[in-house]
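The first chain written gets the first letter, and so on, giving A, B, C and D; residue counts start at 1 in each chain.
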Amino acid sequence: MNPRWLAGKVAASLVTLVFVLAFNFFLFRVMGDPTTQLARLPRASPAEIEKLKSYYGLDKPITGQFLDYAGDTARLDLGISQRTRRSVWDEIKDAIPWTLLLVGTGTVLATLIGAWLGVIAATRRGRPADDGLLGFSLFTYASPEYWIGIILILVFAVWLPIFPAGQQMTPGEDFSSWFAQAADVAEHLVLPATAMTLMLLGQYFLIMRSSMVDVLTEDFITVKRAIGLPWDRVVRQHAVPNALLPLVTLSAIQFGIVAGGAVTIETIFSWPGLGELTYDAINDKDFPVLQGTFLVFSVAVIIANLIADCLYFVLDPRVQTS
Amino acid sequence: MRLRTIVAVLVAMAALIAAITALPAGAQDDGGKKKVLRLGQAQDVQTLNPFVAQDEENFRAWSLNWDLLVNFSPDDLTPVPGIAESWDVSPDKKTVTFKLIEGAKWSDGEPITSKDVKYSLDKLGTDSLIFSGYTSNVTSIETPDENTVVVKTKQPDARMIGGLFIYMIPEHVYGKVPLAKLKKDFQPPLPMVGSGPYVVTEFEHGRILRMERNPNFRGEKPAFDEIQFIKYGSADAVERALRLGEIDAIPEAQAPSFEKLGQADNVKTDRAPSPSFTQLTFNLCSEENCPDAKFNPAVQDRTVRQAIAYAVDRERVNTISTRGTSFPGHGILPQYYKSWYEQPDDDYPFDPDKANQMLDDAGWTREGDGTRSKDGAELSFDLFVRSESPENIQAAKLVAEQAREIGVDFKVQVVSVDKLTEITTREVDGKMAPDFDTFIWGWGGDPYDPSALLQLITTDQIGGSSDAFYSNPEYDRLFDEQAGEFDHAKRKELIRQMVALSQRDLPYLVLTDDPWLEAYRSDRMTNVAKQCPKPSGDVLCQQVNYAAIAELEPGEGGDDGGSSTGIIAVIALVVVAVAAFLFVRWRRSRGGREPLELET
Amino acid sequence: MSALLEIRDLRVTHEERPILDGVDLTLERGEALGLAGESGCGKTTTALALMKLLPASFRQSGTMTLRPPDIEEPINVERRTEAGMQVVRWRHVSLVFQGAMNSLDPVKRVEHQVAEAITLHERPASAGDVRARIDELLTTVGLTPALGRRYAHQLSGGQRQRVMIALALACRPSLVIADEPTTALDVVMQAQILELLEHLREQLGLALILISHDLGVLAETCDRIAIMYAGRIVETGPVREVFAAPQHPYTKRLLDSLPVIGGSRELAAAIPGGPPDPGDLPQGCRFRPRCPYAAEKCLEDPALREVRPAQAAACHFAPWAEWPAAHEAAVEGAAG
Amino acid sequence: MTDLRVRDLLFDTWRGRIGLGVLGLFVFLAIFGSAIAPDNPTASSLDVLAAPSADHWLGTTENGEDVFSQLLAGARVSIVVGFAAAAISAVLGATVGLLGGYFGGWTDRTLDAFENWFLVIPQIPLMIVLARLLEPSLTVLIAVIGLTSWAGTGRIVRAQVLTLRERAFVERARALGASDGYIIRTHILPNTLPLIFANTVLIVAVAILSEAALAFLGLGDPTRISWGTMLENAFSSGAPSAGAWWYVIPPGLCITLLVLSVSILGYLFEEYVNPRLREQHA
C-alpha cells in the first residue's frame, strides 16, 4: 500500500477526529450546563457548585478546558458514569464487544445476502424475481428497524417461541463450557442480528443490483462470454468483483446508520452493547456516558471510513496506481 | 467438488449439532444441586456503593446483606433487635443507649463493634445520597465500649428507635477509603462484607447479582444456598421468564399485566400496601414564602380544593389508572402504616353533588357546562404530570374528566421529569417561586416510622422536599411533638390530628396508596407468607426485613428446560441448505452434461 | 476442400423487427473477408450471431456451419446448445471487439485474463506452460511480456488493442473476427495494428473477418469484401473488383465518400439520410429512399445475384456499365 | 423541463400515482385525522389491550385507548416533522452548497470541511444527544432533525453550482458586470432548485424515520401522539409479549407506507432531474 496515500488518509481522519472532539466538548460543556450534570444534586449551593467547577477544571479558560478534555480523552479517561459510578471507559469497554458482534454479524450477513440477491435480481432484470426482490428491499428500507425487531419478537418469540426475545445469553445460567456459552449467545443473537440484517439489506441490495446492472452492460462481460466462459462464471468471477466496489464505499457510509440502528435494536432486544448503554444514558440523563458513547460512535464511523478507503484501495487496482 | 469433501462437511456439521444439543444438558446437571432462588427484575442495581446509590433496587440486595441498628418486626413492623440487642431511652428522652449483640461477626469473620455503628451513623448519615437526614438531630455518638453506643440528640427524637433507616456497614472495609473516593467511584469489594443471611458475591451490571449464604450469619441457616437477582431487558421479559419458570419470583410486577400474570400456571401474585402514595398536589405557597410564585390564586381557596376532593372518585382512579392494583387513598398516611393508621374523619367520599353545592355556596358560579368563575377568576388550573408515568397521566386525565363535571377545568400538561422538577423547585432571589397550580406525582416513606411522609408538608421543608408549600404552625408543632414522643399511643393520637389537619386543608389530595406487586412460582417456593406486616404485607418483605426470604423453602417444581430449539432449527436449516447446494453442484459437475448440439 | 465457414440465410429479429434479413456468407480457410457498411447495418450483429452471443431478446435463425481444419466433424453452430457454444467460442472463433478500452476486466491483471482463456479450452501441463504461452503471445503482438503484470488502465490504447489481439490468438483459432479493431486509435497506431493483423494472418494461416465502416482499411487487408446495408449483404466480391467496379449504388456512394490520397482534402459528400429503421423498412429495395437512381422497378425486392464473375450485387440495374451523374431528387418520385 | 412533464411523471406513471395517492391520504389524515377518528384517541377505558372488534377496529392500547383513533391522530406529527425538518435542511443545505460552490476558495473549503464533518458524525446518535440536552417538544424535534440532515443536500447542491458557475450564461452575466447576488438569484438558484427539491423530498422520508426513532427512544414530544410514541408505548407496555399485533403492526406499517410513498416520489423527481438515472431504470 502506498504509504503516502495512507498517511494522507490518516491525517484527514485525524483532522475530522479533532473536529469531533471539539464538537463533543462544545455540546456537553457549553450547551448542557456541566454543573448540574456533575453535581446531579437537586439543589447544590453556590459554594458547592464553585467547588465542583474548580474540581473539574471548569473555572479555567475554555481553551484550557478543551486541552484538558482532549488529553483526558486520549488517556481514555471519559469521566465517571453517574449511574453506576464506574469509569465511562469501563462501561464502554464492556459494551463494545457485544456491539461489534451484533453489528458485525448484521453487516456481514447483509452484505453477503444483499450482494447475492442483488446479483440474482440484476441477472433476472424485469422478471418476477427481480420485481419481488425490489419490492421487498424497498419495504425493509422504508420500515423502521425497531419495528421489524418487534415483529420478529412477536413472531419468533411469542407466537412461535423458538428464539429468546432479549439479552445476549440466558440470564443466570452457569455455563459448563465455553462452547455451551457460545451456543447460547448464538441463539440469543439470531433475532437482533436478523433485525440488523434486514435493516441494512435493502440498501445493500439496491446498490448491488444497480451496480451489477451497470457492470453487466460493460464490453468485457461480452468478451468473457466470447472466450467461452460459462455465464455463471462470468457473473461470479468478473461481474461480481467489479460490482462489489460501490458496496464497499456504501458499507462505510452506512456505518452512521448502523450506529443509529444499534441504539434501537439493542434497546428492544436488551442487547448489552453501546446502543443499550446509550439508551440507558438517555433515560437516566447520564451525560458522561452519553458523551462517551457518542464519541465512540463518531470515532467508529471515522475508522470505518478509513477502513473502507483502504479496502477500496486493495480491491480496485485503478485507485492503487493513479 | 468431490463427494468425499461433501460427506466430510456434512459429518462435521452433524457433529456440531450433536455437540450443541448435548451440551446444555450437561450444564444443567452441574447446577442442579445448588438450591437457588432466582428473582427477576427489569431494572438492576447500578452500583452497590451505599454512599452514591440512589435506586430502589439496591435495597433488595442491601436488606439481605446488612442489618439496621434496630430492625423491623416482620409481624407488625415494630422495632426489634438488629445490630443492637436492646436500647434504653434516658428520662429526658435525649439520650439513647444501644447494647449491641455480643459476639456478632461480619461475614469475613471480623467482630461487629460499636465503631462500625458510629462509622455508619456518622458517615452514611451525613455523606450519602439516600441515608442522610436521619441523624439531623444527633449531637454526639459515643462508644464507651465495643458493645455500647450512646446517641445524644438535640431534642427527643423517636426516630432513634425504628426510624433510623441507615444500614450498618463494616468500618474496616469502608473506613479505609477516602471519603472523596466513596462519594465518587468506589465499588464495594466482593464478597460484600455484611451481617445479613446472604452477602453479594458477584455483581455483573446488566446481567446478574448473586448473593450467597453468609457463613457467619447469627440467625438460622436459610434454606436457599444462593439468591440471584437476574436482570431482564424489560418488565415484560421478566414476566415471561416467570411464566416459563426461568425465575422463581418477581419483586416488582407491573400493574397493567398483573391480573393476567396471576392466571398463569403455577404463578401466584401478591398485592400489598406499600409506604407510598400518588397525590394531586396543590400549590399553597403563601405570598410571604413565595413572592414570585406563579399560579391561579383560586387554587388556594380551601373550599375549591375540598370540592375537588369530593368530585374525584378515587376508587375509579385506582380501577382505571392502575388497573385496580393500588388502593384508594385516605390521606397523607398510607394504610401500610398499620400501627399508626386510622381512617380520617374527612375522607371525602365521592359526592359530586356535594361538591357542586359547596362551590355554588361559595359563589363560584357556572353557566351551563362551563367553567366556574367568581369575580373574573376562573376555576381553571394547570395539571402537570410527568411523561414517564402512564399511570399518572391516566390519573390526571381522570381527575380532569371528573372535575369538569363540577365546572372545574384542569389542563393536563404532560412534561418530562426534569421539567416538572424545574417548575416545582423554581427559585427567584433565593426564595421559592413554584410555577404551577397543581401536579400529580408520588412519594414513598420508610417502613415503620411515618415521619418522612408527614414531614413533607411542614414549613421547614419549604425549600427542601415540600412541593405543596403548605405552611401551618399547628401542623408543624404537632409534627415536632410526635417526632419526640416515644409512647406509641400518644404519638398515634398526635399523628391522627396531623392527618386531620392535612385532610381539612388538603395540600395533597392523595389519590391512591401504591402497592407492592409481587409474583412467584408456587411450585418453586414454599413457606410463603404475607408479612411485614402480617397478615396484609408482602411476601418478600421488601426493603424491610430479610426474615421472609430467609424463611422460604425450595419447592418441588422442576428446573427450567432451557431449550435451544431455535438455534437447532437454524443450524438444521443451514445444514439442509448447504447439503442441497453441495449436492446440486456435485450433480452438475459430475453427470448429466448438456449435449453440445441438438438434433434437428 | 470445403469452406471454413458457411452462413446461409441468417436472420436475426429483435422484438419482431428484422435486424438481419437473410445473410449468406462463405469464407475459405485463410481468407480475409471485409465486412463493410454504415453503423447499424448489421455487421456486429452478424459477428455476434455467429458466436451466439446476442442477448436473449434477439431471435436468430439460419444455418452456420464451421469446418475447422483440426477437427473432423463440421460444427453446426445453429444447432449448438449454450454448453456446446462454450467449447466453440475462442477455440475455433475468436473476436477482437471494437473499443478495446472496455474489453478487459478492470480489476484483473492482463495476463490473468489471457491465462483464463487458455485454461478454459486446454489442459496445459503446468502453470509454467501457460506462462510461456502468454509471454509468447504478448511477444507475438509486439508487447514485452512484463506488460502482462499490468491492469488494463495502465496500458495505452494501442497496447490494449494488442493485448486483445493476443487474447484472440490465445487458443489458436482458425477464424478471428475483428470488429472495428482500429477505431478510437490514432492513424499511426491504426496502421500498426492492421499490419500486425495482416502479418499474423499470413504467419498463422488464420481466416479473418474484418468489420469496418472504413473501406480504406478493408482495401489494404482483405481478399474479399461484403457490403451490408439494412441487414442484408448488397454486394460482395474480390476487393479489387469491387473497388474498381462497384455494382451497387450504395457501394458506389461509399467509395465516393472515401478521401482520395493526394487528391483534394475535402471529403466527398456523405450519403444523405441514414439507414432505415428496422421496424419501418421501405418497400422493395432498402436503399431505394436514398438511391439517386431509384426507379419504379425498385419497389420490388432485388435479390443478390452474380452480376460479374465472382462479384454479386442486389440491384435491379446491375451490372452497371457506367454510373450516370447522380440526381438526388429521383427518390420521391420513385416512392410513389 | 416543463411543468407538463412533472405532471406526467406524477399522474401518468403508476409509481407517481401510488406515491401521490398514499402521501395524499396521509396528508389528509394529518389535517383531519383527529376530527374523523371514531374515538377520542386519548380516552382510556377498561378494555385493555383488547383485540380488534366492531367497537375498536384495531383493538385498544395498554390504557384501553382506541388504536385506530391514535393511528389517525398520529399522522400529524410525522407529516409536520417530516416536512418542516426537511424544509430547514433544504434551506441550510442549499445555502451552504450555494455559497461554497459559488464563491469557492476559503468559503468553500471551510464550508466543505464543516459539511464533511457533519457527514461523518453518526446522525441518529447526534440527534439523540441534541434531543436529550433540550426539553423534548415538536419544535425541538423539527430543529434537531433539520439541523442534522442538511449535509447531503449541501454536497449535491455544491457540485451542481460548481458546474453551473462555469456555464456560458453565468460567465456572460458576470462579464456584463452582474452582481453575485443577482447571478445567484437569477441563474444559479433557478437551475439548482429542481435538484434541491428532489433531494428534499428524499430527506422528508429520512426525517419521518428519524422522528419515529427519537419518539421510540422516548425523546419525542410527550404531549402528542405520534406513530413512534405509539410503538414506544406498545413496546414498553409489553404488547409484543401479549401478542397484541394490532397495537404493534399498524403504527410501523403507517411509517413504512408513508416513507415508501415519499421515497417513491423522491426517486421520481430525482430521475426527472437527473436523466442519467432515468435511462438506467428504463
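Note that in this section contacts are C-beta pairs under 8 Å (C-beta built on N, C-alpha and C of every residue); 3 or more make two chains touch, one makes a residue touch a chain.
Predicted model only: the values in this text are computed from it and were never measured.
Contact counts per chain pair peak at A-D. Remark: subunit C and subunit D have CA centroids separated by 55 Å (rounded to whole angstrom).
Averaged C-alpha coordinates give centres for subunit A and subunit C that are 54 Å from one another. Taking each chain's centre as the mean of its C-alpha atoms, subunit B lies 88 Å from subunit C.
A straight line joining the Cα centres of subunit B and subunit D is 42 Å long.
Residue positions 218, 235, 240-241 of subunit D are each in touch with at least two other chains.
Among all residues of subunit A, those that touch two or more other chains are 165, 285.
With touch defined as above, residues shared between interfaces to two or more other chains in subunit B number as follows: 234, 237, 240, 418. Under the touch rule stated earlier, the contacting chain pairs are A-B, A-C, A-D, B-C, B-D. Within the complex formed with subunit B, the residues of subunit D that make contact are 42, 44-46, 48-49, 62-64, 135-136, 218, 222-223, 233, 235-238, 240-242. Remark: subunit B residues 593-600 touch subunit C in the complex. Against subunit D, the residues of subunit A that register as touching in their complex are 15-16, 19-20, 23, 27-28, 31-32, 138-139, 141-144, 146-148, 150-151, 153-154, 157-159, 165, 210, 213-214, 255-257, 259-261, 263-264, 267-268, 278-279, 282-283, 285, 290-291, 293-294, 297-298, 300-302, 305. Put simply, subunit A touches subunit B in their complex at residues 42-43, 80, 83-87, 156, 162-167, 170-177, 179-180, 183-184, 186-187, 190, 269-270, 272, 276, 285. Across the complex, subunit C is touched by residues 218-220, 222-231, 238, 241-242, 245, 315-318, 321-322 of subunit A.
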